[in-house]
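Two complexes are shown next, each including subunit A; its partner changes from subunit B in the first to subunit C in the second.
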Partner chain A sequence: MIRFLIRRILGGAFVVLVVTLAVFVLFGPVLTWKSNISPARLYAGKNPSPQQIESVKALLGLDQPYYVQYAYSLRRLVLGPTQEERDRVCPGSTAAECDQLLGRFGSSFAKQRSVDSLIWSRFPVTLSLAIVSALIWLLISIPIGVLSAIRPRSLLDRSSTVFVLVGQSLPVYYFGLLAIYFLAYKYELFPLSGYQNFALSNPWPWLYHLLLPSTVLALQFAAIYVRITRSQMLDTLNEDYVRTARAKGASESRVVVRHALRNASLPIVTMFGLDLGLLLGGAILIEVTFGLQGLGALAVEAAKRLDVPTTAGIVLFSAILIVVANIVVDVVCATLDPRIRLE
Partner chain B sequence: MALLTVENLRTTFRTDDGPVCAVDGVSLTVDAGQVLGIVGESGCGKSAMSLSIMGLLPDSATVEGSIQLGEHQLVGMPKSELRTLRGSEVAMIFQDPMTSLNPVMTIGWQLEEAVRLHQKVSRREARALAVAGLAAVGIPSPEDRLKTYPHELSGGMRQRVMIAMALLNRPRLLIADEPTTALDVTTQAQILELMRDLRSEVDAAIVLITHDLGVVAEVCDEVAVMYAGRIVERAPVDELFARPQHPYTWGLLASLPGRNRAGERLHQIAGSPPSLMNPPAGCRFAPRCAMAMDVCRADPAPVLAAVAGSDTVVACHLDAPTRAREGARVASGEESA
Partner chain C sequence: MATVEEFQDMQVDGMVVARTPLQLAVARLRHDYVALCSLLFIALLVVFAFAGSLFESWTNHPVNKSNSSGVDDYTLLPVGPLGGCSNGLASVGEPNCFVLGASNSLGYDMLVQLSYGARTSLTIGVVATILTVAAALLLGVVAGYVGGWTDTTIARLMDIVAAFPFLLFAVAASVAFGPSLWFVILIIAFFSWFYPGRIFRGEVLALRDREFVTAARMLGASNTRIVLRHLLPQLIGPVTVYASLSIAGAIAAEAALSYLGFGLPLEIPSWGRMISDAVPGGLYINAPFLMVFPGTLLILTVLAFNLLGDGLRDALDPRGGTQN
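Showing the complex of A and B:
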């Protein structure tokens, strides 16, 4: 298992390395070459003189050859900014002050802040949204999927098919606006928008603000998960070992939960991990619809303002999250199914 | 008194194309300590019959007739009550050991579960019983095997585990549904030997379902030959091989490889089994029977009747001398009619 884990982590690190290269090339040379966007010019402010641009280039290290720039950015990503970089970008300030300005992902063009501090200020919102909606969609879809599989063609199964169809067809922004109009505006059951920080002493305001967006987001995912759970369970319930469990005299609920569900859960776990990883990179539509200041909303802002480092930072950050999610999924699957550990 | 008495069992499946009667009026008895073989080709209703006894058929199936196991009448018994008998009074071994064990649970977990579903014992005691069970079926270092997963064992080992699991609660009836079919020939022999040994140790009645007459000859006391949902002949095993009475049995015996001369094509029974959705009138074997007469193709079908001077019963319209003559010819290894 340890060897399995090490191999997966090394593989993940390699993927992240490839992504850093792709992000660097796309947001550096390609951007400059294709659309004539010069990072130095963007950073320098309105109508800069050529001298100003040159000094910005020197400040950001943009006067170096591309491979040197990439090596620096890679070192910064892994080890954090060096003292030399700190002295150059924020001379005379303390390390803590400088961290606000310069981070592993670089500095924002639009705001006088490091991309790291921007991401970390938004990430809790996105994380909360992802966790709450994931809980909701799992709690809805797994029981419904299992029950539909146990009684195929029953009333429950048929109504869940309709639910799946509706959930998958309704776009989040449309359904979200409907929910806001009726549940938040007309009947004032939920806040219109916004986010409250999580507090351990009283998590209710946090949950209260998240419930509506999370549910809207969850319904869309729940639809898909009902489908997979149902089909996986149907397949598994026909397996010989399920018949063996019945022949042993196990109760039907034991057969379903202990014998079938664990076997059926592998594809669900796999998909769940990837979906969660994807969501943690920002749920743009839902964040914008519900006025949540999460990563997705930040990405939209940054892209609008041509804030290249922030956009690139979010892309890289999301990619790392997905790689981590993949590793976690692999480990969970290997725990659930001993055959996977063998390769 | 017989341990298992099945009377006039009818198992019908509801399908989209109409009802299919997989088992049509089967009656049989098995005593404790006895091994009854049930032979027949695929689709003749052997598995449907065994699953009827286990109560493991899907909801689309209806079971009529009577299945008396000791003091329990299994037909019409509430599901929950039937469940308490499954795995304790009656246990089953399945055809494919590669897929019959749960791939994500250890052997130990699965064995202990079987114990604890029916006996109020601690985990430690269940473990001890599991170890003893594995040792009884000839698995070396059973303690270590508990921690292994099914995919780490060979097919023969897995079938041994299945047998051990079935016997853990000392069932009075053991149903083995083609337990050696999915195994290679050497492993088959080992498993059969194991079943022969266990026969004398556990005082259970065994119903062995197979399409392999060689297996029947090795382990069974009595044999029932099934064709298209009905029993056509039932006889003590020696009788069946020495004096087979039914034309279908002749066909089966004549198809055995060892009985033909080398280099010749194996004998085969012409035609294929009838559809159970719409079975032929009269004797169901008549369309494939070389000796069929007009009476065979008309209702009512022949009923099982005792053969004079033996314990055999047969359902055939042929007269006794003809059956004796043809049967003797097949038994001696000559080409049958």
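Showing the complex of A and C:
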């Protein structure tokens, strides 16, 4: 198990390394070459003089060759900013003050803040959205999937097939706009947009603001999960051990839940972990459509303002989340099914 | 599903006539009304896309040109819906009615924009799919046929690409590359080849050790010949199915990217951008048709290509696949 874990973590670290390289190439050489924009000019503000640009280059370390810059940014990502870099970017301030300005992901061009603090300030919104919608889609899709597998070609099964097809083809933002128009504007059941912070004393405003965006997001995922649950259940219900369970007199609900669903759940767990990792990096379309100030909305905002470090930081952050989710899923699956480790 | 009709089709004057797999597939597809409707819709869409310049000359509303009569001077809302003939400044011989009764918020004619948007969607869908399928075939077949280290490397590559959030990366990359049609096509192809690639790899892996391959090798066929003449023809079925599904995916991806305001330059009309143009200031609350026209067309188009793909899968491989 330990060897399996180490191999997975090394593999994940390699993927993150590839992503850092890709992001660096994209926002270093490619940006300068394709769009003729240098990050130093963006940072220096409107109509900077050549001297200003030079001083910004020195400040950000952009006067170094690309490979040195890459090595520095990699080192900062792993170990945090060095003392020398702190002195350069925020001279004369304490370490705590400087952390507000310069983090592992660098500092934002558009706001006088570190990308880290921006990311962490937006993360709760994205996290809430992901959790609520994950709950909704699991609660919808697994019962529907199981029921339509038990009774194939029934009315429920056929309507769920239609639901799957339509759900997969529906652009989530258009569906979201329609939901806002009908449910929030016309019938005033939900707020038009926005987010309320979670409060333990009264979680209702938080949930109330999240319910519509989460449901819209959940319906899209639910379509895929219904399909997977149904096909997995159809496969397992034909297994010998299910017949054995029936033969020894287990009740139908026990056969379906304990014997079939449990064995069918592995691919669902795998997919759920990966989707959750993906969502935690920002549900861009939903956040933009519903005016939720999450990571995805921040990425779009930053990209429109050419705030390069923030955009790059979010891409890296979400890539790390996905890799972590992958490792967690692998470990969970290996615990549930020991045969996987041998492979 | 070999139906009774199919069996009856085979018997001509009491004689059993041999059918090629293609004939069988076409026969099955002819009974699949959902797939036929999708095909009809796609054909109509192609006609609609080609009619763009016709609409332009017909309505006298060039694409991407604001028409002053299209926006109400007082409310600043587009005229319409469905009755939006303004009695304004039209000179003689210049039709001033908006055919769908609507312009968009900028005074662009909806019908012309929709038609050019269809052109954009179909172009991107088809070109991105050609690239996707080509890359998927190349890497999938090589991985499946060669095996060993090559296979491991390519399979890892597929896992890496599969793990990435397409939209976030596309947004970031479009900042670096700047807006262009080719950028959109390439980024979509780059993030979609892995899925059909895995399927093709699996198919080749299953075919590689079959008797007819061994027989060909025993007769002295080279690897190139085995792949091109014996393996590739077996993949025509999956290629057709995934091409159709991939067109749907590419069209949806382009619309999502345009909705966010990235990817395509502003002078190329896009359904996704038409939807997002309806959002600022809650415009669509007062004029929902602004997003309903492009939104409905987008849903129907994506649905049609998805349904066609499913229909093709049933027709080409009737034994399995529908469950998944």
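By our rule, the second predicted complex is superposed on the first by the 343 of 343 C-alpha atoms of A that agree within 3 Å, B and C clash if a C-alpha of one lies under 4 Å from a C-alpha of the other, contacts with A are read in each partner's own complex, and residues count from 1 in each chain.
To be clear about the criterion, a contact is a pair of C-beta atoms (placed from the backbone, for glycine too) under 8 Å apart; a residue touches a chain by one contact, two chains touch by 3 or more.
None of these values were measured; they are calculated from a predicted model.
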Clash or fit (per the criteria above) of subunit B with subunit C on subunit A: fit
Which of subunit B and subunit C A:Ser169 touches, first, second, both or neither: second
First (subunit B), second (subunit C), both or neither touched by A:Val300: second
Which superposed partner A:Tyr241 touches (first subunit B, second subunit C, both, neither): first
Touching partner for A:Ser251 - first (subunit B), second (subunit C), both, neither: first
Contacts of A:Asp337 with subunit B and subunit C, given as first, second, both or neither: first
Touch count on subunit A, higher of subunit B and subunit C: C
First (subunit B), second (subunit C), both or neither touched by A:Val23: second
Minimum distance between Cα atoms of subunit B and subunit C in the superposition (Å): 9
Intersection of subunit A interface sets (partners subunit B, subunit C): none
Residues of subunit A that touch subunit B when the two form their complex: 239-241, 243-251, 259, 262-263, 336-339, 342
Contact footprint of subunit C on subunit A as seen in their complex: 15, 18-19, 23, 26-27, 30-31, 34-35, 165-166, 168-171, 173-174, 177-178, 181, 185, 192, 227, 230-231, 234, 274, 278, 281-282, 284-285, 288-289, 296, 299-300, 303-304, 306, 308, 311-312, 314-315, 318-319, 322-323, 326
Subunit C - residues contacting subunit A, complex: 160, 163-165, 167-169, 171-178, 248, 252, 255-256, 259-262, 272, 275, 278-279, 282, 284-285, 288, 291, 295, 298-299, 302-303, 306-307, 310, 323-324
Contact footprint of subunit A on subunit B as seen in their complex: 54, 56, 83-88, 91-92, 94, 96, 99-105, 113-114, 117-118, 149, 151, 162, 165
